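Heads up, the next two complexes both have chain A, just with different partners, chain B and then chain C.
Moving on, here comes the complex of A and B:
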């Protein structure tokens, strides 16, 4: 086998990818795992750099403990090639994958591909959400957990979902102040979530650990409140929040201003489908699983028999689901190569059952913490939707009014989604805006490679080699 | 913004930001080190009427792009600091 050919390539070294790699490492296969970050572990397993002495967060979930162990094992494994700092540019016909590393592109070939590219946060835009000092919840976590840096002394958190509490806990542990948590959903709307937690006692423990810290620090938590705007000359200085009335409108009297230099927002998660879509596998829409997801069978094989998908891209469901699916996809792949004995085959059946529980939790989570569509419909005209190209709600609304309710039309008509992030931030927002007008979620826009910005010289070299090999 | 107390950091490095020397620690991302040093505006004003700044923190939004050692459009959130690294962007 040539140097750049692998039996299996795994894209994404978060929990799902790591777990898949750890299963495959026990077999006589040539495996590569590729990740964009400088460190293994994806978002959930972030830790401080090795040369820092970590005295920050003592509490670790069982999934996290196992994940960190997997990273150590993988680093010492000889039959798994690790590509860090490596951004996938596209998966191409002929079972090959192009990626960029330190400004240079490389081409590698696979027999089987496992895609575990995780999820990113999604947003509900408001005036000023594009000011410096408005962070995603994830960005605050990255600063704290990977850098040991508190992005501001005082932070306001807003959006929806349990991630708010995890980030609040981490800020408090780091010695910061949480000036308030503004959860969009009302408390009683969240009762159904407790049912979802029953199958995962670990999550319940996690919730108590976070809440104890938050409550004992007297952090104000408001349910059924939302951010209305962020203001400041060149960065955030103050925000306005308000209580949502029964009709969905904000109650005028409730509106209050809060001084803050950092507002962190997050409104749930959406799967990172770009690598999978560049590989041409089928996607389906399931609102209860986070929107558009990769369509797989119960063994996580996609519409292409050589491509498996696991983790958040088959349904947003958190670390436990990713852990289960990482293992399941790797075992199913091994089974397709006739490499599994009976105990391995039995394990697959067990994991399929476990996955069903995880999916149940996932559906509960995504349903309880979904943002009502009328909030998207009622975004003010001047609010920026596409941050890269500076496209306002007014333009998006115009496009929806005059043209087909289609992501491609909105994109070509407005330029929204044509910037550097390639629609990763505004895409899910525009999808919800269209859905709020038309009642149906549009298909994502046509996928074009490169799926992340690359140097034109790298592409030129790639296509020249392609032509040569034909 | 501050470096959290109680963490022992080793290997201090120096980066050069728009000609000024800034200290940071090995292992930190460039975006975090810049933010900790008080930089909030990462260009963009002339084009869009507002400043870019770190937003997603994990390589998705491309709003923390800077020039590193002469190479433009580098995501500072995905780049680790290195001693002597030269960083440029329009502070406005």
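Moving on, here comes the complex of A and C:
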């Protein structure tokens, strides 16, 4: 086998990809794992700088502990080639995978591909959401964990879902102050979720640890409240929040202004489908699993028999689900190569069952913490939707009135999503806006390569390489 | 049941321009589009506009179209990002140079502002161009660019304003003919919509659609790929459409928002309606682009895609009526459908509404012999 050819390539070294790699490492296969981050572990395990380690990692979930162990094992494994700082920019016909690493483009070949590219955050726009000083929850986490500093002394958190508490916990542990947490959903609505937690004791413990920290610091938590706007000349200075009434409208007299220099928002996650779509595998829409997801069989094989998908991209569900699926996809792949003995085959059956439970929980979770569609429908006309091209709600609405419920049409008619981020942020927002008007989920936009912009000067060298290999 | 004066199949530049100019004649039009406006070739084109063609018919059509592009902003009430940055056709061989010189003579006889400029002058005027091996080029400062989606948007809004309708996500499965006259169209859900005039502007799919009434169209789609870069600072002057006619040539320009956009004609060609993008195009286009303007090496490709050129044997379109009364065709637009779109639409509208073309369109008749060849692809 040539140097740039692999039996299996795994894209994404989050919990799912790591787990898959650890299973494959025990076999006589040439495996590569690629991640765009400088560290292994993905969103959940984001490794910490030295000065923070002690404070933040005092509390580790079992998934975290195992993940950290896997990272150590992997670093010492000789079967597995690790590519860090490596962004996959396209999967092309001929089982080719193009990636950029440290300013250079490289091409590698696979026989089987496992895609585990995780999820990213979702947004609900409001006036001022594009101001400096409005962060996503994830961005606050990156600040804390990767840069090792607090982005501001006092932070207000708003949005929906338990990620609010995880980030509040981390801010508090790092010595910061949380001025308030505003959760969209009413307390009552969350009961279904807490019942689901009983199946996952690990998650329940995690929730308690977070809540204890939050409550003992007397952080006010408001349920059924939302951010209405953020204001300030060059950066956020104050925000308005209000209580949502029974009719879904904000109760006028509840509205209050809060002074803050940092607002962190989080409205859930959407799968990162770029790599999977660039490989041409089928996707399906399931609102309860985060929207568009990779369509797989119960063994996580995609519509292409050489490509498996695992983790958030088959349904947003959190760390445990990713862990189960990482293992399942690797075993199923091994089985397809006739490399499994009976105990391996039995393990597959067990994991399929475990996965069903995890999916059930995910569906409940995503339903409880979903943002009501009216909130998208009622976005004000001048609110910016696409930040790269500066496209307002008014323009989006006009496109929806004229054309079909096709994301491609809205994109071409308004230019939203054509900028440098290629719709990564505004895409899911526009999808929800269209849905809120038309009552059905729109056609997803066509996926275009490269997944991230890539240098002309680097690409031209493949002319010689490809000619030689012919 | 509503009555339509004309039904247009296809929401690309041709269908929408025709619909727009027909609606200006007071006709009630219905445009039927199987996906969304721009879903076919038009949404995949790179927006180049030129008058540098090689025959009297194409030159006049292109000239009429350029004049219409100039008026679109006023017509629509918003800019379509029309900009005259020029086309510079490059000659790397004596043969190419003599073709250009011959064409320039014809073009000038129609009053087009075009000159052959030497390699040294190219270096002076466009210092970023690599003139190695270059003998010179044909340059017209009147040629340029517009943003296809804004042009479509203007036509769409115009059609609705003038009382026309656009049906999207609706596919025509066949045309309906009775005793030599067109009667309407049948949709894939079985529904029938009647009209005495039907225009086939279905782009790469026009040939199959026409077969449903046994009218043969000499159309053959081919795949063409393109790429666009991130926005960069505008070159001084902005990069005109550089057309490299070498076997491994390419063409690209800088859009007025700063992006570089371009494509190449694959050799050999790639027949069929596939719109799958390739790795080969990505690196080849990169190599060819950087060879012409070396500083572009430092620019990032934002996205790549593929679309169709609907070819005819002589490289020129068909804009004509057919043997079936009331059935019209505008297609086979090759790589010029966008630039020729406004004029094609307006001329076809005048043929339908007034029973005559206002310029000589014999080069685009369906019954022509398809022998000559447009030299400037």
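We adopt the following convention: the second predicted complex is superposed on the first by the 450 of 470 C-alpha atoms of A that agree within 3 Å, B and C clash if a C-alpha of one lies under 4 Å from a C-alpha of the other, contacts with A are read in each partner's own complex, and residues count from 1 in each chain.
Everything below uses one rule, namely that a contact is a pair of C-beta atoms (placed from the backbone, for glycine too) under 8 Å apart; a residue touches a chain by one contact, two chains touch by 3 or more.
Treat the numbers as computed from the prediction; the structure is a model and nothing was measured.
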| item | value |
| --- | --- |
| Touched partner set for A:134, first chain B, second chain C, both or neither | first |
| Which superposed partner A:457 touches (first chain B, second chain C, both, neither) | second |
| Partner chain in contact with A:152 - chain B first, chain C second, else both or neither | first |
| Chain B versus chain C as contact partner of A:10, first or second or both or neither | neither |
| First (chain B), second (chain C), both or neither touched by A:429 | neither |
| Which of chain B and chain C A:121 touches, first, second, both or neither | first |
| Partner chain in contact with A:449 - chain B first, chain C second, else both or neither | second |
| First (chain B), second (chain C), both or neither touched by A:421 | first |
| Contact breadth on chain A, by residue count: chain C or chain B | B |
| Touching partner for A:281 - first (chain B), second (chain C), both, neither | neither |
| Contacts on chain A seen with chain B and repeated with chain C across the two complexes | 420, 453 |
| Chain B partner contacts - residues on chain A that touch it in the complex | 36-38, 43, 48-56, 85, 87, 103, 120-121, 130-136, 138-144, 146-153, 174-175, 234-235, 387-388, 390, 419-421, 424-425, 453 |
| Complex contact set, residues of chain A against chain C | 90, 92-94, 96, 98, 402-404, 406, 408-409, 412-413, 415, 420, 422, 446, 448-450, 453-457, 459-463, 466 |
| Chain C - residues contacting chain A, complex | 35-39, 43, 149, 152-153, 156-157, 160, 166, 168-169, 229-231, 276-280, 282-284, 286-287, 289-290, 296-305 |
| Residue ranges of chain B in contact with chain A within the complex | 1-11, 25-29, 32-33, 35-36, 40-42, 47-63, 65, 71, 73, 77-80, 92 |
